[in-house]
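So, here come the structures, one by one.
Each of the next two complexes has chain A plus one more chain, namely chain B in the first and chain C in the second.
And now, the complex of A and B:
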C-alpha cells in the first residue's frame, strides 16, 4: 500500500526526469549553441555561485514579499466586494455591471495608467498584483454566497437566527469551497503578476528584475535559473493552497 | 395549568399564484390540536399537506383564516415550534453535537448550559457516542435522529414533522416509528404533528389521523385512533383501522364474497 503510494507520486517525476536527460544529451552533443541552451552543469554551477553571493535569496525574498502584500490586499478587497454583491441584490445591481466591464480589461492594460498615476513606485506594483488577485476572489466569493441552499435558509428562519448568525453558520461555510478555489487562483495570478510587475515597472530587485537583467547580458543560464525558481515557487504555493483546502474541508472526506 | 388546546386552525384558505392564475391549495381547513396529542396528516401527493405544515411552521406566509398557537395568530417561525424536515438538513461541515447545538443559537434561545442540553437530547434520540461524527458518516436513520434532537433542544411546545421517515428504507422506518413514539412519550407534553403518506405509520403513532383529499386540499375526515400503546401492528383492530383509512383512498382490499353451497 505504502510502496504503491510512493510509486503513484513518483509517476509525476517521470516526464521531468526525461526532459532533464534530453536537455543534458542536447547540451552534451552541442546540438544547440550553449548561448541558447547552457548545459545542466553550467546552470547548477551558476546557481551555486549566485546562491553564494546571496542574490537568489535576496531577489526571491523581494518577490515573495511583494506577492504576499499584493495578494493580501487583493483578496481582502475581493472578498469584501464578492460578499457585498453575494449578500445584497442591490449591491449586485449597483456594482455588478461595472465590475464585469472592468474585468474585461486585461490587467496588462492597466500598466500605463498605474505608471502615469503612481509612477514606478512600490504602490503601483502592489496595486497591479492586487488587481490580479481581486478578480478571481470576487467572483468566487460571490458565487459561493449564492450557493446557500433554500433549505438552510429555512432552517435559519426556524431557529430565528440573526443575519450575522446566518452568515457565519450557513452562508460562509457553504461558500468556503468556492472561496478557497478563489484563493488558489488569486495566489497563482498574483505570483504571475509579480514577475510581470518587476519586468514592466523597471525597478530593482526581485526575480523578474534578475531575469530581465540576465536577458540584457545574454546570460541564458541565469534566465534558466529564474524560470526554474519561479516555476518551483508557483508549484509550492499551489501545494500550500491544496493543503489548506484539505484541512479546512476535511468534512468532505466523510461523505 | 396550561390550556388544553395548543393549536387551532380556523377556516384556513391558501392559494398559490402560478403565472398569474390563482390556484387554491387549501380550502376551509379546520383543526383543533390538544396539548400533547400526536396528530398525523395523511393524503395523496399534491393535497397540500406539506403546505399546511409549512404554514404552521411559519415559513409559508399569507393565508386567509386563522392559525392560532395558544390563541396567537402565526405570522412567522418561532422557537416554540420545532421542525423536522424530510431531509435531515444537517450541516455536513459540523459534527453531530454541533449540528444539534445549532438549534440553540437563535436570537431567543435560552442561555442554559448548551453542552448539557445537547448531551441530554443526543441521549434521548439514542445518539450517545456519535457526538463527534460528521453527518456523512451517519446512516439515514441516525441522521434523522440527530435532526429530531436538534428540533427538540429548544423544548418546543409542538414538534412539526414533514414526512420525517419518508426517505428511510422499510425496516429502518418501522424501527424509527418505535423510537419516535418513545421520544414522544419521554418528552411528555410535547405535541407532534406529522405529515406522512404511510397509513400504517399514521395508525401506529397517532391519536388522530387527519385524512386530506386533493385539489383543492380539504380535510376529508378525522379518524381517532383509540388503541392502547405501544401498538401491535398485527392486531385485528389495528388492521381494521388501517383498512378503514385505506378505504378513504379507495385502496382497500376488494372484499370477496364467498358462497357456501
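And now, the complex of A and C:
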C-alpha cells in the first residue's frame, strides 16, 4: 500500500521534471530566443538578485496589504448584504434583481467607471478589489441563511425563541459551511483582482506592476519570477483558508 | 392562479424600486448640479448616447468584435478543457502524471497570464483568443473531470458487460452521464470568457467593447462607458440564457429519467 502511494506521487513529478529538463535543453542550445525563454539559471540568478535588492519583498508586501484591506472590506459588505437578503424576503425582492443584474457585468468592466469617479487612486483599487470579494461572499451568505432546516425553525418557534437567538444559535451555525466557502472564494478572487488592479490601474507598486514593467522591458525572467510568486501566494492563501474552514467546522462531525 | 400572478407582479415591482430610485437620484443630482462627480450623468444623456451609438453602428461593431473573440476563445478553450478534463477523469494514470502540474498552474490567477502571453504572441487577435482560451480551459477541465468521475459505476459496468469499445463507451455512456457537469462548466466558462475579453481589450486592443470603454474613459465620456457596461452585461446575460436553453433541450431526456 505504501509503495503504491509513493509510486502515485512519483508519477506526478515525471512531467514537471521532464518539462524542466526540456526547458534547460532549449535554453542551453538557444533554439529559442532568450527573450522568449530565458534559461533556468538566468531566472534563478535574477530572482536572487531581486531578492537581495529587496524588490520582491517590497512589492509582495504592497500586494498583500492591498489584498487584505480589499478582502476585509469586501467580505464585511458581502456578509451584511447576504445576511440581509437571506433573512428578509422583502430585502431579497428589493435588492435581489439589482444585485443579479450587476452580477452579469464582468468585474473588470467596472474599472473605467471607477477610474473616472475616483481617479487612479488607492481608493479606486480598494473598491475594485472589495467589489470582487463582495459577490461570492454575498451569494454564499445568502445561500447559507436559506439552508436552515425546517425542523430547527419549527423547534425554535415551539420554544418561542427570540429572533436574535434564532439567528445566533441556529441560522448562522448552519450557514457556517457556506459562509466559510464564500470566504475562501472571495479571498482567491481578491488576490486575482489585486494583480488585475495593479495591471489595469497602472500605478506604482505591487507584484502586478512589477510584472507589467518587466513586460514593457521584455524581461521574461522577471515575468516568470513574478508569475511563480503570485501563484505561490495564491496557493498559500487558499490553503490557509481551507485549513481555517476545516478547523471551524470540526464540530459538525459527520453531519 | 390569481394569487400567483399577483405575487409575480409585486415581486417585479419591488425589484424595480431601487433601480428607479437610483435613476431618479442621478437625474436629480445632475439637474441640481449638486456635485461635479463624473458619475452622476443625467439618465437622459445615457439614453441618448445609447441611441446614438446604436445608430452609428459603433456599439454593435465593437460588440460584435468582442463577441467573435469570446466565441473563438471559448470554443478553443472549452474543447481543450473538455478533452483534458475527460482524460483526467477516465484514466487514473493520466491524472497521476499530469495532475500536480495542472493544479500548480491553476494557482496562477488568470490575469497574470496577460504579460506572459503578450510577450510570447504579441497583442494581436491571436493573443486575445488564446488568452480567453487559457482562462476558460481550467474551469472546463475541472468540471469535465468531475463529470466524468461522477458517472455512475453501474453504467460503466453495463459498458463492460456489453464489451463496448472506448469510442462507444465515451459517446454512449460517459458523455451523456457527464453532461450536467459539462454544462455547469460551460456556463462558468462563458462568464469567465467575457471577463477575459474585457480585460484583454482594456490593455491590448484597438477595437472591441473593452477598448471602447478604455477610450471613452480617456476622453472622460462617462455616458459611453456606462453604455458599454450595460451592453456587455446584457450580451453576457443573453448568451447565458441561450446556453441555458440549449442545456434544457439537450438534457430533456433526463426529465423522464427516474
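FYI, the second predicted complex is superposed on the first by the 232 of 255 C-alpha atoms of A that agree within 3 Å, B and C clash if a C-alpha of one lies under 4 Å from a C-alpha of the other, contacts with A are read in each partner's own complex, and residues count from 1 in each chain.
The rule is short, and it goes like this: a residue touches a chain if its C-beta (ideal position, glycine included) is under 8 Å from a C-beta of that chain, and two chains touch if they have at least 3 such contacts.
Just so it is clear, the model here is predicted, and its values are computed rather than measured.
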Next item on the list: Label the relationship between chain B and chain C on chain A in the superposed model as either fit or clash.
Entry: fit
Check: Touch check for A:251: first (chain B), second (chain C), both, or neither?
Finding: first
Checklist line | Of chain C and chain B, partner touching more chain A residues | finding: C
Next item on the list: Using the superposed model, determine the angle chain B, chain A, chain C defined by their C-alpha centres, to the nearest 10 degrees.
Entry: 90
Margin query: Contacts for A:169 in the overlay, against chain B (first) and chain C (second): which applies, first, second, both or neither?
Written below: first
Check: Should A:4 be classified as contacting the first partner (chain B), the second (chain C), both, or neither?
Finding: neither
Next item on the list: Report the closest approach of chain B and chain C over their C-alpha atoms in the superposed model, as a whole number of Å.
Entry: 10
Notebook entry, point to check: Mind pulling up the chain A residues that touch chain B in the complex?
Noted result: 151-152, 154-155, 157-162, 165, 169-170, 173, 176, 249, 251-252, 254-255
Next item on the list: Name, in rising order, each residue of chain A that touches chain C in their complex.
Entry: 8, 11-16, 19, 35-36, 90, 93-98, 101-102, 104-113, 115-117, 188, 191-192, 195-196, 199-200, 208, 211-212, 214-215, 218, 220, 223-224, 226-227, 230-232, 234-235, 238
Next item on the list: Using the touch definition up top, name the residues of chain B that touch chain A in the complex.
Entry: 57-59, 76-79, 81, 83, 85, 87, 89, 91-94, 102-103, 105-109, 134-137
Checklist line | Residues of chain C defined as touching chain A within the complex | finding: 11, 14-19, 37-39, 93, 96-101, 104-105, 107-116, 118-120, 191, 194-195, 198-199, 202-203, 210, 213-214, 216-217, 220, 222, 225-226, 228-230, 232-234, 236-237, 240
